[in-house]
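Look for chain A in each of the two complexes below; its partner is chain B in the first and chain C in the second.
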Partner chain A sequence: MASKRELTSEDGNSSTKRAKMENGNGKQDAGGNPYLAHWNDDSNSKPLRVDPNGTSGWSTLYGGIALTNNRIEANSADALYNFKRHATTSKQASAAEDGPLNPFTGKSLSNRYMGILKKRRDLPVHKQRDEFLKLYQESQILVFVGETGSGKTTQIPQFVLFDDMPHKSAQMVACTQPRRVAAMSVAQRVAEEMDVELGEEVGYSIRFEDKTGPNTMLKYMTDGMLLREAMHDNNLTRYSTIILDEAHERTLATDILMGLLKEVVLRRKDLKLIIMSATLDATKFQKYFHNAPLLAVPGRTHPVEIFYTPAPERDYVEASLRTVLQIHATEDEGDILLFLTGEEEIEDACRKINLEAQDLVREDAAGPLVVYPLYGTLPPAQQQKIFSPAPPPTRPGGRPGRKVIVSTNIAETSLTIDGIVYVVDPGFSKQKVYNPRIRVESLLVSPISKASAQQRAGRAGRTRPGKCFRLYTEQAFKKELIEQTYPEVLRSNLASTVLELKKLGVEDLVHFDLMDPPAPETLMRALEELNYLACLDDEGELTVLGSLASQFPLDPALAVMLITSPEFYCSNEILSLTALLSVPQIFVRPAANRKRADEMKDLFAHPDGDHLTMLNVYHAFKSEEAQANPKQWCHDHFLSYRALQQADNVRMQLKRIMEREELELMSTSFENKKYYENIRRALVAGFFMQVAKREGNGKTYTTVKDEQNVLLHPSTVLGQDSEWVVYNEFVLTTKNYIRTVTSVKAEWLLDIAPNYYDIASFKKGEIRTALQRVATKIQRKEQEKGKR
Partner chain B sequence: MKMGEAKARQKSKAEREAEAEAVREASLATALPETNKGFKMMAKFGFKQGDTLGKAENARKEPIQVNVKEDRSGIGLESEKKRKLREAWDEAARVAKRSKEEEGDYLEDRKQQQKEKKMERDLDSAQRTAERLFEKEAEEMAGPSSEEKPLKDINVLWRIRARRRVEKEHDRRQRRELENSLASRLPTLAQDQEEDTDTKIAAGRDVAPFYTSLENDLEDEDPELAEFEALPVAERLQKLLVFLREQYKYCLYCGYQYPDANMEGCPGITEEDHD
Partner chain C sequence: MGLAAPKNRSKISNDPQNTTWANNTERFGHRILTSQGWTPGSSLGATDAAHKAHYTAASHSHIRVLLKDDNLGLGAKRGSERAENFGLAGFASILGRLNGKEEEVKKEQERQEKIAQRAYVYQKFGMMNFVSGGFLVGDKIEKGVKREIEVKVEVKSEPESSDSEAVEKKSKKRKRSSEDEVKLEEQSGDEPELKRKKKSMNLREEAAKEDAALKSSSKSKKEKKDKKDKKDKKSKSASDTLATDSEPLSDKARRKAEKRARKEEKKLKKALKKAAKEAAKSSPTTEDPSSGSEEEVESTSASSVPTSGTATPSGLTYNPRGMHAVRQRYIRQKKMASMDPQALKEV
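What follows is the complex of A and B.
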């Protein structure tokens, strides 16, 4: 088995490069690198060979610290020397952890490390280290259940390191996380716990950011990243152990990975797999993985008393505000966590609670109250605020202060906030839904599941016994809530996933063994879309374009648009646009300042549509004037600095892939009157399946083929006189909206996507008639040309 | 003029929205046809209409429903509304059916109904009397009055009365809390913390949590009472009447507590006996 880790170039994110190097100089480098010498399985040969002159490029990189290398080698060999792979005990590991030298780097362990070590050993998982090791050693697959607070995410991978010693076989341990933020912050934490620098022995890898190095032996990564790696290395040979963490969240990528790994473990008997879940529903995982053994570690939780309302609530937001204030005025000390559904609702609730609380304080009916919002798009610095302690009493001996966190469901599992004693749960969250019949993918406010409600309640018992106030009746809890939240795979457009699976070599998608297979129509629609995008041929085989598109961590439509953009002489611009469409909303529109924000947006507005407007923003952002003080400039123009910065980063990453794939980067000269037209045409090449036509002269549009009545989203800059538009999103609210729209011409549709715009395949109606009219016009023109 | 015409032809906003929704719902209810290109690719691997994907049992056949929430109603409100609507409808249907039936039948029914109503009233006064007599007796014996007793210790024959009182008190408290906004009516004095419960209640500032367990199903909470209340009214009344006679030598229809167990002068247990 070629399981030597390739030494990577500085371009750490390029997995293909790594794959290509596998049979090349990777092995040689490893041999010549004293850092890696101990990787040789044959540890008796004591390969403490330090080449004073250095070999190949190594000395230039690491030569400067050659002196310490001697020590590193000797010491790390000492600490783990007697360790027999997959036969170690917790006692051995503890001894090695105690130091005085770091068993993995050989450096002296810091005082801080010792302090953390003591705390780590108090974590619930620690007590079962031996039990864990035994099962891990005995079984190829293990299901591990650890409730929140058990320490599983930080400790289990380290337990594995001491027994698996991946560095000795030039491999790594991977631990996947559903969220980018979690991957980053956990890696940071574990690096501290292991007393190493982040990016060295412990690193992380998330989309558009890779913080790992040649020494990395433990890699936290998003589940999506591991999936992408699998595309180039179907057997995931770089890893000796793969840990799928937070599997209970059932993200799309985790579900696909489980399906893949179920097959990979059959091909690679040396690969170990650990499925980690925070809920006791783990028997489902066990069953799926051929009755793998299960180990459960209790979390550190306290009992939570649950209260229901006597009758259904007329207005759940109103009811939650009332409850929060009631708790504040009457309950003992302890912080409150309120679950609401989205940014706007949360900000509004925060304002109202603040006002009411001020009244209470003024009347001295309650202590001071601080309210913090928490949602995904909130800047990290502001997210961090939720961890600040509750305010002190206004005067000594006065009523105690309290903090309230009003959060989306990100506080349900992913974030742990200590000090929460009261949870208010109205029972809703925003959930993604996808329906293949009308091809709508939207975030909709939906009732949560029973499992979710339990998880929320559990948040009240982190520090001491708590209370959970459910704003619905017990009857409703029993009868109206579904048992488990639908896994993402049932709620997503699978076009991207299908492309990935094809690239992964999965031929038969119909029988691909998913834990919860989606409705057949979802696969049908994905295959159809990929076929129209020419990523799959009529037989369902991957085309050259499809293979190329799968190289990009993008939706197939975006990838195809980007790949074909050189044909429209605007790949630079489409590259920027693709990046802009891959990040959160760049326009900021604060409730208090809407008018001003809209005026600023108008500065960038392009009459032909939102895509072009976004591009204008980006170009302005990159101008010298803006770059002088980009933060201030964004603030002044009501733009999100974070989103634009992120777009910049994404653009750079995508550019690298384009260069690697030898896709030409070019622009039409700005003076050329076709500058914008070319961009709009390139847009059609990717988004021809997301087109709507205006009905008569009205405001309403009809989507092509699916024939849904839609309105332009109020945020659009587009005037009302565009007959045909491409749109980026079909959003469902109480109305059907299309968001981020740009006007296009019917001629382009027929010209660029003739397969999709095969007029014969259209239902009789306004759209067909209009297309027919245009087609006839084109024909006549060509005939005239022919005559001339 | 022309503009007016155009306007007249244009659908109102509400109409447009309703139409858009109707189109959406119709499309959501329609499965993709076999002519779909993806279907052909799947058929290559043996997929047939009606099959499911993967290898799991009970895999989905249909996509998850899309439900757009249009207001801020809490969980359970919608089904509660539906339930009430259904009940009203059922009632209307029953009434309609009745009116169609023969008049004789109707009169007969009505008589029966009136009889039942009378019995309900008698039951109520029998319970009230039983409770009163019991309390009087208890007072004389200086035992605890039923007010302080847990519900379950009250004789099931009239326990429902005590329960109704508790529920009423609870409703009242809740209404009061709702009416007075929190901010304006919470304690304003610093020494409030030391105030005892009585004072708080007296001042209308009782701040007990408004969540109680009263709304739980009677069945779970008090099976004994549930069982008794499930009996037909005639039977319950009978039990009360017998109890009153045996325990307190009291006849409801004579309205008199006899001095001895013979109850001389009382024609019998039932109302008919007193005719």
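What follows is the complex of A and C.
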């Protein structure tokens, strides 16, 4: 009953099966790779490097400088030609950086570059460049810690470039980020710092978007992406150095990567690994990596004064808005960073702050204020806005302007925004939790940890002494907050992860060396789900279906539904549905306009349930009428244009995988009576573990096997008369709801998922009796058929 | 509400244990794990892992959570008296008006407007109060009582202390060392202000007490409570009046307010800057952060309470000390007042 795993979520998740070096047949290679599918459109014009030896030959190929690429000789051999790999000094590097030619491209350096270079040399990490180089050269694994803003993400990879010179062995340096936003934004910044075009020497790669090219030597990528790549290239041979950044965030993908890389470094002595963290206590990382050497950059330059409220707040959102406005009206110049929990809350807060700020300006009680939201699903162009400077005073000599950034956790450590002087911290964030016993994975607003609170406060001290306003009492800080945030691996459904690990060739899951091993019950559940989905056989080995499912960046249940959909003659529709289930909510229901929104939704409603309703929406969205002006059409129908657009994009990507895997795309004729029934049956093939049965004639439903009492979510179009329903999501609130539900028939359950619906395995009770009754009926029918 | 594994609280569902599943050792997952050498009760992970000591309880059993489906701030408790407290101030003025005390209410409002002129912002949004908890240096918080005292002195000795209401309110660094001090100040404090406070206080009480026919409140209690409220008022009168008056100001008043606010703010800033400087200067000399023992901290934070009774004018009064009981009673009275059918009839 895992909630949907959003394709748009932070974990990037795709593979670049791209090989090295120039060689004609790049087209085929990209064509074979669904994640690079968009390359197909113009792959002729993009030269690809293709490794003549396949993807695994490089580890043995080099030791010194292997000049294998014409480009390098032509462009930059001059600046770096006497650099001895893994024996360079910061002096050498500095000289090369000073120009006049770009050491990597051979072009002359811009003025802007020089300006940035000066700033870069003021960053704390710069003072320790020699020290860093020494440790990097001496040790295969290095743990590097430094506070946010010290220059880890932007500088260290560049330090590495000058010493590692991956381009000379046609390799790359990878730097992972837990968040897509960070990967994109940082790559952009570093491209500027190196005076190169983004996507050329410096690029990024996130799920469904690959901005790298044949010249790329430094690649920022989501940790999920690197993990995906590892599935195709277990030794990650295209990289000479891998930097796991933001390791303190302990995302699922980073944790798995650490476990994998711990083994890879034993197989590949030439691979260097750097673990970077913003928390100063790195002993855990060191211990985990066989006492790897540690390099710490000394602390931030400015103290941050912490303020608490004297009493708890009744409404943390309201209190945060008031605090922001109060700061704006009464405090010195300096930008504000407010932490809230999610997109909706943030957008709402931005709106309100904007309104009130306009009032303040009108009353001349404060200078101008601009507000920027920041969250994971924000389009890149909007994300980039957070770096624009605060507005100038409305008139000369007037009160200075200010910018406010209202952000999720992203701004906690992943992005450094200069100019922040005030931090407002209500003490909450959205965190995933997973209960393996009832199989519910959910994003819940929960108190942050002490470590998080300190990180947040630290954001205020970047440019000068700052202030952090905590909207809770000191007492609450001490008593209510846990020390450290639990790593994601302890808070997630691991079905996808286990599938990935299996694909990665990890046989012994029990002893897989994770920094924090998950609860045994969580692993059991994952194995069982995969077994029921026939992704693992009864011995726990990966099946053909499982291997195929691992190709899709989807939850196993969704992947299995998609893969088996041709059997139900509706793979086109299921493809659309899978895409729709992988993006944020498509229905918009503004508080002020609920009734109208509901009326609009009713236009699309299908009596058999929400999945079919969503499909109707998508089909209408793709109609000529809607496509004439899709934005307006969505607005008129209370639909999220962004979500539908995203679904369209995801659909396209998934379609490419299906084509590659030769899964047939087909539809039942719409005139056929079975059009919708087929879709519902296909749903069962993936979601038979997410079924609930109505209790008697009441409103309550009981989930099959786990026996949880649930209600249909109020948003459903489904009436109260469906005995059996599949659902997409188990929503945890004080009442338990199932959301996105479609009615199904018990016969289908028995027919399509006989293993799971093995009646003997059911507890005595209403569900078992009902299933038994249906089974008997089927038997009788079949006997009659036999007689006839 | 809290990710609190050790507390083992769970609200996830009616039967969070799903023991049928958990106790079934025939399951596929159980079988595979056992076949790979896992024994029930042990955790997963590499044998003899060097970092094993760092494992948490969550590596044995999943994390328990409490559900949060409201906007209650961290540490605030659901269903406590605080919610009722909210908005009662406005209610009081309505009650007063309905009772034919328009004159009084009007006067009161005018007065409040004047106070409000001090700070348009506070007026509009209500003031947020904060108390300093020290400085974050590196990833440790450094704090010391010494510094705080210095700061306090600094703020107090500002020449504009007659105008210092706002400064006081704003001054997050300000920490009172004792209640007595507050009382003292009250007595010596400017008279009109005190009266004003009493007035608005009275209004509230009228609504709460007089109409509701509260016979039970003994005089001494009332006095105590009065005092307490005075104190609150003293330190945040503007914000309090704000809560009392939610009606928009006239344009003229607004302009005036904003002008004064600006002036006020400048002073305030000066004071704050000075204080901050002082604080910054003294912070390195304070004790080691780790030695900031629980007790010491408690005492400082407790001492800061009188300055700020409520965190925000909108309510949520949490008073960790003995005052709590008194306050609770007071609130109960108010509550009764607004719920008592008799009182409503009289209205």
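FYI, the second predicted complex is superposed on the first by the 576 of 788 C-alpha atoms of A that agree within 3 Å, B and C clash if a C-alpha of one lies under 4 Å from a C-alpha of the other, contacts with A are read in each partner's own complex, and residues count from 1 in each chain.
Following the convention adopted for this analysis, a contact is a pair of C-beta atoms (placed from the backbone, for glycine too) under 8 Å apart; a residue touches a chain by one contact, two chains touch by 3 or more.
Keep in mind that what you see is a predicted model, and the values were worked out from it rather than measured.
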Touched partner set for A:N531, first chain B, second chain C, both or neither: both
Of chain C and chain B, partner touching more chain A residues: C
Chain B versus chain C as contact partner of A:G458, first or second or both or neither: second
Partner chain(s) touched by A:P447 [first = chain B, second = chain C, both, neither]: both
Partner chain(s) touched by A:G719 [first = chain B, second = chain C, both, neither]: neither
Chain B versus chain C as contact partner of A:P754, first or second or both or neither: neither
Which superposed partner A:P590 touches (first chain B, second chain C, both, neither): neither
Partner chain in contact with A:V304 - chain B first, chain C second, else both or neither: second
Chain B versus chain C as contact partner of A:G698, first or second or both or neither: first
Touched partner set for A:T279, first chain B, second chain C, both or neither: second
Common interface positions of chain A, toward chain B and toward chain C: 307-319, 322, 325-326, 329-330, 356, 359-360, 363-366, 426-428, 433-438, 440, 444-447, 469, 471-477, 479-481, 486, 490-491, 508-528, 531, 538, 540, 706-709, 732-734, 736
Chain A residues within the chain C interface of the complex: 147, 279-280, 284, 287-288, 290-291, 299-300, 303-319, 321-323, 325-326, 329-330, 332, 356, 359-360, 363-366, 426-428, 431, 433-438, 440, 444-447, 449, 451, 454-455, 457-458, 461, 465, 468-482, 485-486, 490-491, 508-528, 531, 538, 540, 705-709, 732-734, 736, 763
Residues on chain C engaged by chain A in the complex (per definition of touch): 1-5, 11-18, 20-22, 27-30, 32-33, 35-38, 40, 42-47, 49-51, 54-56, 58-63, 65, 67-69, 71-77, 82-83, 86, 119-122, 124-139, 141-142, 170, 172, 254-255, 258, 261-262, 265, 268-269, 273, 276, 279-280, 283, 294, 297-298, 301, 304-305, 307-312, 314-320
Chain B contact footprint on chain A (complex, rising order): 307-319, 322, 325-326, 329-330, 356, 359-360, 363-366, 426-428, 433-438, 440, 442, 444-447, 469, 471-477, 479-481, 486, 490-491, 508-528, 531-532, 536, 538-540, 698, 700, 706-710, 732-736
Footprint of chain A on chain B - complex, ascending: 10, 16-17, 19-20, 23-24, 27-28, 30-32, 36-42, 44-47, 51-56, 59-64, 66-77, 79-80, 174, 182-184, 186-190, 192, 207, 209-212, 214-216
